[in-house]
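After this come two complexes, each holding subunit A, first together with subunit B and then together with subunit C.
Then we have the complex of A and B:
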């Protein structure tokens, strides 16, 4: 399946992927409103850029073959879509136990503080290209089948 | 501003931040390598310090909400035609530092640009123009010494060339990426130039910084340079390329050597240049083994011997007052290619006074060198290449009509990958990741993207050159070379027209 792969050699640490993610997952689809208003009501990007010295890399859900988050999920909110291979998330079932947060070896799951539910990359359902990949100014993110 | 010397507050640029749109995302803070943008803890928002802005526009280009505009500082000194702010600021700076003024990139001074005073011809009724989309249009160019005459012999398989032709560089476009050393620009761009040159069927020049071991595989599309510091020069290096260039002078700083600051010399640059990490790499003003044309001849033949006469040897000089006589000497010394670098040529660092006041426009030097070599009957002994301030395909085609075989492009190549000519290359903090070896900054140039952009640029210019050639009723670049009848001057006086060897428009 196609996944988002980061390239740490060319990640410039601008964090624009986070902003693109935020916009794509906002109600308004407008960066300024998403940051100023929707973020206050719990909206968070599914991505995070990690930095150490000059090295930086943008991480999000890896959509693992055998996801530990799915194993850890107590409510069945996280599940593997057999057809697409994506690790999917049904928000209505999430009970906010954060088991998946602890289980994820990549730290790719985040909390929505106001909803008490998780936030996780859905590879931009409904978009041809994930927003982060499209917005990266240095082609340090690729969406491909490896 | 508080804690700053008075003179630093006469800043060139102001940062205009539209607070309506700014979301305090700090993209500008992370992008600015001069720390003009910063997170203000007291106010809990992004703020900026105008005095640190160099006008590179990196923040403006990456701001995701488009809230930033970098403007010229509207604060004006009293109008004075003699004492312009540029000169006053130079003096303030020197009052502060006591040092030589340094500049990066080519001269921005308002001196004549003769390309703009030359118009091309086009075919009408009597000689039909050619549509390059329907008919063949030859841009291929060979650089190197051509024989005085060719002899052909009859063989059972048909006629065969009997004369032995010297080594040539084959170019699919009459353009090359000119010398920018590994060190002055970083590895990612060297790799991008190598990739683009290979894809395009042209060559790039290593500049005086050696050739990184991983780039030897692009050797067929590489000119290796030998300059006064001899950095990175060894037998394998000389034999790695398609040609060798002896750099005697550079258009941006004729008469001056080079100085790569220690800050730009990291592990890889150090290994390639063969100098210690962090030490300044100083190229002397002269080659210490060249004090005459005879000495130059010895070096040319030493390099030809080292490469067993497989590759052409080029000699690059800055366009200066006696360029024609010098060029004649160079050709007679055995150079296969002569490069003229005009005073608008770029540089990573040059003393400002020299950059803006030494050397002559390359258009005039080119016309005169071409004349001189033709008058002496030795024009075919060497190819003629011009460098320095070629901004568009029309400049390239005008250079060829004036007598050049090909054109070196570098500033335009850098602009294609993001350069905004802020002219602070010598700081080693290039926010566009070009003139920097800082790990954090150099990765801003992704070689794949840069190579694509360079390829696009040359292909685009190639298409335009084909269109212009077709318009003149020519179907090959060879038919235009030195064909000054295809040029007319506008707004030029008689002396200028005479030097350029073109008629005034209307004649």
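Then we have the complex of A and C:
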């Protein structure tokens, strides 16, 4: 399956991927409204940019083959889609126990503080190319089958 | 190939998925004492508290058993196992033959020897049926005592309190959550619960359940002589492995059913997983019964794969972990959190009383082997990575972890490359 892979050598730490992710997952699909209004009501990007000295990298869910988040999920909200290989998330089932957030050794799951539910990369359901990959100005994110 | 799985909890679900990954054809029979399709057992506390309805209890979609071609025998108790003849016997007298058997029998509530505990008015909190009973009970009574200040006890207490009862938790240890937490984190949680209006009595236990002339529970007497009035007692100290039919069949048992690295018991073609099993723990470097959800699934999954004989894969080892929230106060604890002095660990703690935040990191040599987080749990997974993959830490990286700034950029280069950006998956 195709996954999003980061490239530390190219990442410039601009956080544009986070903004693209935020917009893609917003109600309004509008950057300004997503940042100004929807973020205040709990919307968060699925991506996080980490920095250490001159090095930076943009990370999100790896859609692992045997994901520990699915193992840890007590409500059936997280599951593996056998056809696509994606690690999927049904928000309506999440009870906000944070077990997955703790269990994922990649730290790829975040909290929506207002909803009391998790936020996780869905590889931009319904788009051909995840918004983060498309938006990256320096090809520091690739969407490929390895 | 005929697979029989005894139990229908998450270890059983893991096994179904492990088997079906490699064997789409084999016959799978699941035998369960409970009467419902598999449900998220920890969700019973959400159900008791009225946060979710029955419609959200199921762990897998309604067509799960059909889609996976599972023969389900609900409400059936297994009474005997004959590993020689490779059969199990049900309470109905029916006998089932197997090629591979999984004992995922789970745990049963631990009932301490307390005077007056036999009789009416005594409840447990480990099944959906228990939760339904407690909801009904809440409408009939006003005061309840919960014995046990561990995770199950506190969640039972919280749910009963949310149903309008006056609740007192009685815990033998000097603090609540003594197994999974330390003093400071335990205190933060008990303060939170007490602020909501729950009563907590630590360093004390119930010596006798007091009953009226008609046998009804009227109160409990504690070891210090205090008497607490109540109309019911919930015993929620924890669970012990359910050893039927393993014990009678002569399987090797210590605390739980002993299994090897492949989850096989001492009997050929018989496997065990979940709360009933005593399996290798990666941090303790020894076999342990660790009755927690993710271990149960993953043991079931590996047992399932190994039962197909199409793969022989070692289980990576259990890792104790608990994430649980009390009235909005999020907590996470993982790995070894209360090391003994002779364990030679370096323990770091940080408390922010005002923000009700706490962080404890346990290092052994140059590795992180456990943590407790209260309040700020957003970075929990990043800490987990260091424990799970046993990543070596330099002093500089250790300091970043202590400062509350874990990051994948602190991973050794090789680990980052092979785990985050492998050349092929």
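As a convention for this text, the second predicted complex is superposed on the first by the 146 of 146 C-alpha atoms of A that agree within 3 Å, B and C clash if a C-alpha of one lies under 4 Å from a C-alpha of the other, contacts with A are read in each partner's own complex, and residues count from 1 in each chain.
The criterion applied here is as follows: a contact is a pair of C-beta atoms (placed from the backbone, for glycine too) under 8 Å apart; a residue touches a chain by one contact, two chains touch by 3 or more.
Treat the numbers as computed from the prediction; the structure is a model and nothing was measured.
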Legend entry - Superposed partners subunit B and subunit C on subunit A - clash or fit: fit
Inset, instruction - For A:138, select first, second, both or neither according to whether it touches subunit B, subunit C, the two together, or no partner. - result: first
Inset, instruction - Using the touch definition from the top, say if A:6 reaches subunit B (first), subunit C (second), both or neither. - result: second
Legend entry - Winner by number of subunit A residues touched, once subunit B and subunit C are compared: C
Inset, instruction - Tell me which partner A:83 touches in the superposition: subunit B (first), subunit C (second), both or neither. - result: neither
Legend entry - Touched partner set for A:109, first subunit B, second subunit C, both or neither: second
Legend entry - First (subunit B), second (subunit C), both or neither touched by A:59: second
Inset, instruction - Give one of first, second, both or neither to describe whether A:128 is in contact with subunit B, with subunit C, with both, or with none. - result: neither
Inset, instruction - In the superposition described above, what is the shortest C-alpha distance between subunit B and subunit C in Å? Please give a whole number. - result: 15
Legend entry - Set intersection of subunit A contacts, subunit C complex versus subunit B complex: none
Inset, instruction - Mind listing the subunit A positions that touch subunit C in their complex? - result: 3, 5-8, 50-52, 55-57, 59, 62, 65-66, 68, 71-72, 74-76, 93, 95-99, 101-111, 146
Legend entry - List of subunit A residues in touch with subunit B within their complex: 9-16, 19-20, 31-32, 35-36, 53-54, 135, 137-140
Legend entry - subunit A partner contacts - residues on subunit C that touch it in the complex: 14, 40-43, 46, 51-52, 56, 58-61, 293-294, 297-298, 301, 321, 323-325, 330, 332, 334, 377-385, 387-389, 406-410, 419-425
Inset, instruction - Over in the complex, which subunit B residues touch subunit A? Could you list them? - result: 21, 23-27, 30-31, 62, 64-65, 433, 438-440, 443-444, 446, 448-449
